[in-house]
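Next come two complexes, and both contain chain A; in the first it sits with chain B, in the second with chain C.
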Partner chain A sequence: MRRYFGRKLFIYALTFFLAATIDWMIPRFMPGDPVQNMLSRAALHAEAAEVMHGYYTRAFGLDVPVWQQYINFWIALFHGDLGTSVYLFPQPVLQIIMRAVPYDIFLLLPAILLSWLAGNKFGAFAARSKWLDNTISPLGYILTATPYMWLGILLAWFFGIVLGIFPIAGAYSFTMRPHLSWAFVGNLLKHWFLPFASLFLVKFGGWAIGMRNMIIYELEADYSHYLEALGAPRKLVRQYAYRNAILPQITGLGLDLGVVVAGALVTEVVFSYPGIGYLILAAIQNQDYFLIQGCFLFIIIGVLLANFIIDIVYVIVDPRTRTGMQGETV
Partner chain B sequence: MTEPKKKNEFLYFALRNNKLRIGLTVVFFFLVLTFVGPQFTDYTPYAYVNPMGAQPPSSEHWFGTTMFGQDVFTQFVFGLQATFLVGIVGGGLGTLIGVVVGFVAGYRGGIVDEILSTITNIVLVIPTLAILLIIAAYLEVRGVFTESIFIGCTAWPWTARAVRAQTFSLRSREFVDLARLSGMNTWKIIFQEVAPNMMSYLLLVFILQFGGAILNAATLDFIGLGPMEGISLGMMMQYAVLWGALHLGHWWWFVPPGAAIMAIVGALYVTNVGLDEVFNPKLREM
Partner chain C sequence: MRKSILFFTSLLVALSLVLAACATPTPQVIERTVEVPVQQTVEVPVEVPVEVPVEVPVEVTAVPAEAPTATYARGETLYVSGAAWGPPSTWNPFVTWAHANTTGIVGNVYETLFTFDPLTGDLTPWLAESGEWSDSTTYDLKLREGIEWSDGTPLTAADVVFTFELGEQYAALWFSPVWNYLDSVTAVGDYDVQFTFTDPLYQEWSNNLYNIAIVPQHLWEGKTEEEITSGANENPVGSGAYLYESHAEDRNVWVRNENWWGTKLLGLTPAPKRIVDIRTASNNIALGMVVKGELDLSNNFLPGIAELSKKGYVDTYFAEAPYMLSANTAVLFLNTTKPPMDDPAFRRALAFAINVDDIVNVAYAGLVRAANPTGLLPSLEKYVDQDVVARLGYSYDPAQAQQILADAGYADVDGDGFVEAPDGSKVELEVTCPFGWTDWMEAINVIASSAQGAGINIKAATPDYGAWNTALTSGTFDMTLNNWAGMSNTPWTLYNLLFRHPIQETMGSGNFGRYDNQEMFDLVDALARVPVDDEAGMKAACADIQELMLTDMPMIPLWYNGLWAQFSNAVWTNWPTEAADTPDTLPATWAGYWQMGGLLTLTTLELAE
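And now, the complex of A and B:
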């Protein structure tokens, strides 16, 4: 078990190191000059632009040798200094992101977990049941092929505009101040529902199909046939199959996080939901490179953390990893 | 000797597989539309052709017009071209890199495998879109082709992992051992013994990569990091949301592009399952 975690942690540390390095490298080695780009938008006088250029080059620490910049970058990172936002000047990037993160957790955590649970349950039912299989499988393929933003747009249009039941912008009404009351929580939930639903539905399709296929595979395994031969009730055989089939689904949950993050990003854009996705859009539109880079790092950290939690869950669920038999290779 | 007979067998099951028939029909429908569609329209995607602004579908403008009086159908067929290009280039590149990395890792084993697998696992954890996003944000000129290249370069890890596992299991089969014992050289073993057994699998991988590339491109285009020139289905949705098509109820603007992506990708997935059944006798329904 120590070996298992040691290896996982090593991979994650390496991943973080690499991602942070990419984060540092891209603005510096891509063709073009971000500082110049930023200034050209401001339409300054030539002289003023020159002064500003010098100022920003110094402010961003671009005037020292490259290796020094790299070291400075890591030092700043460990101090939690991700730079200053240009778009929301002079707020530090970290502060802006920290304000957005709760909304992301509020949106993503239920969407990921509930779609996974529901998808697994329905997928397991669908396996080897003609009627359910013929309805859930096609539905699953359609849902999992749906672009997140399109489902978001459709839901927003239908429930928000045509029926007018749900609000389609923001995390709560602009007339309200965040405070703890039933009215506010209700308002929050009402704004949360549609973005949640679009994430949930797309993911649900994917998990249901995955589980259906896994169960069919497990029901063909020797142990299932053996149990059947012993005369075990159908329900019991399925229970065993389910417990085995859930393992790849747990691994899949980790691998899928990147995709969900992408989905959340565009969903937040559709619903103007003030999470990191919405921030990124604003950052792109305002060419706020520090904010983009900060969001990138936060997404990476979030995905790595979630992966690590999933690894722990895996060890709890799969006894083989505990006894050192390495149920799943790293 | 048995080759022609085997091919016929695949064809026999392929023609009788409903999933395959439905999937391929939908994909071919859109493929044909991509080539034939531009013949049905006299406009260019961004030309302001309707002075009345946004109007619902009519005989003159099949999919209606946007708020600026642009023809949605024209944007749609030209957007389809970008979609298929991204699918082929991005999906193809992703498959190629994944297959090479996975195959070398699985076939060589040892330290090569160790290194390649570690790299694969690292890239696998990093969210693809985050990388694409940060690259695209700093690119000064973006085209459909560059977009596809970047998508392909970030989409390969799962393929590498799957192909590695496949190669691993094939490598230890008896007929491969036999070939090795008989002194066949490595390349001959790879191309004559191992590769033919993986071809069907690679086709399935490519189909999934194709669909994945299309979805990734749509996401990038939607947040405004798509190509700077031309039109794509993702960009159509971006413009529709940006210019308030939702609030104004211009459904004809945002429904077609998303529906097309869903239909193409969904059909690809279904084709994939159908093909799997054709190649794998255990899964056949008959």
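And now, the complex of A and C:
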């Protein structure tokens, strides 16, 4: 057991190192000068522009050789410092991200978990049941093939404009200031519902289709036929099939959970929802090295953590993993 | 079991969100009442830690602490949008490039010595009571008595001297170059300031008078260089009509300063108690909100607004085309360091090859006007030398373009339909604008296709903003659009952008095409030295510039971008329009426009019945 996790942890650490390095490198390969972009908005005098350019290049630590910038990046990272944003100068990147992350988690975590649970249940029901298979499967295929953005716009148009029952923009009403009251929580949920629904529906379609196909595959497996031949009730056979079919779905869930902090980019843009997705887009457009780095670092950490959790979950739900580990230690 | 875990997880997540939303730093403004003479407005930043969801009660003075309003009354609140391109990040009046995101920080919170009315061209004393040149190198400024900072300290000559001297001390402040020709600033009395100059650039100085925000010495003198040049300056203390109340990723909330000096000294009171400035992630959201009356004034560019205006869903400054006032000139900069753009004949031919009418009518659906060949905005029309324009002006005429090209030796040698340069090399050029600027993307398509029609092979390309901007400032583009000279009191502003000199490695703020002509630079410098009250002198200097500009054609002014403004009369009325019975101010919330009539617009708004 210890060796299993030891090896896993080593691989995760190595992955993190490589991923963070690439994360540091990629923005710097983009053509362009972020400081120049920032200052050009001010339309400065030629002399002032030159002085300020030098000043801010130093302030962002971009005046030292690239290898030194890279070392400084790791030193700062271990001090929990992700740098200062260029796009939202002079705010620290960490502060900007921490403000946005709760909105992402609030939006994506329920969407991912609920769609996974519901999708698996419905998918399992639908498999090999003529009536359900003819309704849920096509619906699932349509939903999973729908772009988030398009469904988002449709929902916003129908529920926001035509029916006028849900707001179309923001995380809470522009007439309110955040405070703890039922009115505010209700307002928050009202603004949350449409972006949530657009994510939930698309994801639901994917999970349902995946589960339906997996169940059919498992019902064709030898052990299912054997059980049937023994005269086991249909319910029991399907139960065993379900437990086997859920394994790939768990891996999929892990991948989905990994991007819980950034997986709703287009949805957030459509609904003006203040999560990290919108920040990433703006950061890339403005060549904000530090904000891009910071956002992707959160994604890297998210993906690694989710994978690690899935590794642990596998040990619990799949007896074969445990057997494998024992085999190793013997 | 699993269900209950899920339930609690969702609950936790929901809770964390509420806490996060509540945890944005919400300084509480305790408003003093006007009757109490000595009490001061106290702004107390309360950082509510994430773990503690309750609002911390603040006891500061004996003033009854008015709890911050949770829901803004519609009849007291003005909702605006269109200025911000990102979340608010700084309240420093000197960090000019981020002002759009906290629009109003200059004008409504920090104020300038003068204001400017682009419709009449007049500078009006604001913090100043008067200002005049007592001789050719001395400018005497008199401040109004009775102006107070929002913490109750009086605003005096010392604050003005302090502000200007910051520019002398720190080269990284945007107005620091004023010290190239400013010699000293002295307070000759509590309310009198004397500026002495070595080589007064009158035009630039008059522009500075309504753009440099005065900051309070007693709060800023203790700041470090870093705090002054780049600090975020949270909880700003200014002298203006509004105070900072709160902000979030997608909004700024400003609350009226009930003790503002303007009410006493000028008899002006902004009608809305609160301004909620909204950043919309996309134009369709702004459009939806203004049509529903949730947004009172949208300064976003909304394509197709002409249709909505005709049908009465929204109102605009003009009831007919172009619907909007002209705010700045879209200029096609040509990279004069690259052949064939280094050839004046080619540049002039190009000016005749661009179908500006199609840009106006197709790309903008009539929302803009074609520019005068000199590039000067309609508000500066008196400085246009009509004789020069009649002789050297240009308009869309492909035959004329082909004629000029043929005369200069450009001919289609290889028969591909496009001309080759006189030396036989192929002419293949790119016209660019940033990706996502949809109106400009349409416009460069028109430029490319109409130039192709005249036999010049130009293709449109839309790089990302960052790449576009780098190409612009480092001079690697072929031709590109730019509109950084807006409404101004002086034609010098435009010519300073077009002919910024000296030519440097990066041209960050003008003359992007690197047009290097000392004669032109001398003419622009001569204009800068003409006193602002010498209208004849200014006209003469402008005529010289225009003559040379239209002969050499280093860049091509094409159209005037509008002061995009669509407003709803659902809650607030009496918006400025062309009609005689409405105020003659600007319906503008963009950064830099508050002191050009934006704030005055708020003082004349009326609540709808």
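Here is the rule we go by: the second predicted complex is superposed on the first by the 286 of 330 C-alpha atoms of A that agree within 3 Å, B and C clash if a C-alpha of one lies under 4 Å from a C-alpha of the other, contacts with A are read in each partner's own complex, and residues count from 1 in each chain.
The definition used in the following text is that a contact is a pair of C-beta atoms (placed from the backbone, for glycine too) under 8 Å apart; a residue touches a chain by one contact, two chains touch by 3 or more.
Because the structure is a prediction, the values reported are computed rather than measured.
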item	value
First, second, both or neither for A:Leu82, with chain B first and chain C second	neither
Contacts of A:Gln285 with chain B and chain C, given as first, second, both or neither	both
Which superposed partner A:Tyr12 touches (first chain B, second chain C, both, neither)	first
Chain B versus chain C as contact partner of A:Ser181, first or second or both or neither	second
Contacts of A:Pro102 with chain B and chain C, given as first, second, both or neither	second
First (chain B), second (chain C), both or neither touched by A:Leu194	neither
Touched partner set for A:Leu255, first chain B, second chain C, both or neither	first
Partner chain(s) touched by A:Tyr141 [first = chain B, second = chain C, both, neither]	first
First, second, both or neither for A:Met214, with chain B first and chain C second	neither
Set intersection of chain A contacts, chain C complex versus chain B complex	30-32, 34, 37, 160-161, 168, 269-270, 284-285
Residues of chain A defined as touching chain B within the complex	11-12, 14-15, 18-19, 22-23, 26-27, 30-32, 34, 37, 138, 141-142, 144-151, 153-154, 156-157, 160-162, 168, 220, 254-255, 257-259, 261-263, 265-266, 269-270, 280-281, 284-285, 289, 292-293, 296, 299-300, 303-304, 307, 330
Residue numbers on chain B that touch chain A, as the complex places them	118, 121-122, 124-131, 133-135, 137-140, 158, 211, 215-216, 218-219, 222-225, 234, 237, 240-241, 246-247, 249, 251, 254-255, 257-259, 261-266, 268-270, 273, 282
Complex contact set, residues of chain A against chain C	30-34, 36-53, 55-56, 59, 85, 87-91, 96, 99-100, 102-103, 105-106, 109-110, 113-114, 117, 160-161, 168-172, 174-181, 183-185, 188-189, 268-272, 274, 278, 282, 284-287
Parts of chain C lying in touch with chain A, wherever the complex brings them together	2, 6, 9-10, 13-14, 16-22, 24, 26, 53-55, 68-72, 74, 77, 79, 86-87, 89-90, 95-98, 100-101, 171-177, 180, 226, 229-232, 246, 248-251, 253, 276, 278, 280-282, 285, 288-289, 294, 436, 464-467, 469-470, 472-474, 484-485, 497, 500-502, 504, 506-510
